[in-house]
């Protein structure tokens, strides 16, 4: 499965091993791990709750994977995205790309992350000392996705 | 230590954990793993032997790390490069970058890899069914490094 | 019957995670559905007023104002996504 | 005394991983060292001829043709690097 949405933490080493299994033509694996930070917009973050829309979210991620595979010469793309309530230092998202050469792996990995930030149906709620707040969409992320 | 040259395989999960330890401001980790492929320039590759120049190689990698830290807003950069005789599917190099935001991590990681391919004192000898041959420097890699 | 799903901040604001409704015959597009729901007043009127950033998906695909809605559809209303 | 180090393909071609030498007084730059070594003939002449892609490091820093060489230096000769 190239796309998973799950509450549990992921095992980066196991996912990389799984992505690479049986393919000796892979020369490059690019990985990205997104992590909950303890600050956002200047406020302390105690927890971050991620919500998704079951069915639609997985479908959107599959579309992003297919898009990346169409644009770059890659063997495989994997997205694992967590949902539920997370604390600072918890990993949120893992993106892995395997390719023959490094340029394709880097580009596809960054492309997937930019799209995840803008298009994928996830919503974040932060708990700060001032209470809970839903995170608003960010302009910067739209700019990043518009590059592609 | 942000730079290591070693014969042993590296443990990606442990290196990531080590890079992140105690820093709750890290929001992004970009990783790149370079792997020995079973083909190069159309020939089967049985083994790849990597040689370095002890002292100079570590120094060159430290310079690349310092350069990346100066160019992007990153917390930490780590390079682990293997030497000795490797077989297809063996990992050769690991580059990790930790930052607050994903753009810095991706850029610094790709920058380090491009420089590793062109400037770092490593030499490769391939064993193919036709015998052993030293790998020649590649134009494509020079082009990639010239981007920065 | 149409299945309505309310997500994230919108679910909190509307006080509902979803409902199944029989739509009047003239409520056959996303726009018409939003106007019909806003007609309930209070939080509905406030949250679904024209100009509010409400996104709509029909059967898991992002929809536009004139996307048709038919019996059996699952229609989700949610704020702009905030990503991973 | 200067410590010379030969690496990778050059070590194979020269049949030596390195040596310690006393350089004549007029061999005080990278260029002069390469010419002096090429004067040994055979593989040395072939591998170190002008125009061959030989890189030189003095005390672990990449050197140019006119980089000075002094007693106690470590001077490495190697082909263009082929990376990770």
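We just call them A, B, C and D in the order they show up, numbering each chain from 1.
Just so we're on the same page, a residue touches a chain if its C-beta (ideal position, glycine included) is under 8 Å from a C-beta of that chain, and two chains touch if they have at least 3 such contacts.
Quick caveat: nothing in here was measured; it's all calculated off a predicted structure.
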{"item": "Chain located farthest away, centre of chain A as origin (C-alpha)", "value": "D"}
{"item": "Chain A-chain C separation of Cα centroids, rounded to whole Å", "value": "27"}
{"item": "Where chain A and chain B are represented by their mean Cα positions, the distance between them in whole Å", "value": "23"}
{"item": "Intercentroid distance (Cα basis), chain D paired with chain A, Å", "value": "50"}
{"item": "Multi-chain contact sites of chain A, meaning residues that touch two or more partners", "value": "34, 113, 117"}
{"item": "Residue list for chain D, restricted to those that touch at least two other chains", "value": "none"}
{"item": "Which chain pairs touch, all of them", "value": "A-B, A-C, B-D"}
{"item": "Chain B to chain A touching residues, read off their complex", "value": "11-13, 16, 20, 24-39, 88-89, 100, 102-103, 105-106, 109-110, 113, 117, 144"}
{"item": "List of chain D residues in touch with chain B within their complex", "value": "5, 7-9, 12, 53, 57, 60-61, 76, 78-84"}
{"item": "Chain B to chain D touching residues, read off their complex", "value": "34, 50-51, 53, 55-56, 59, 81, 92-93, 113, 116-125, 134-138, 141"}
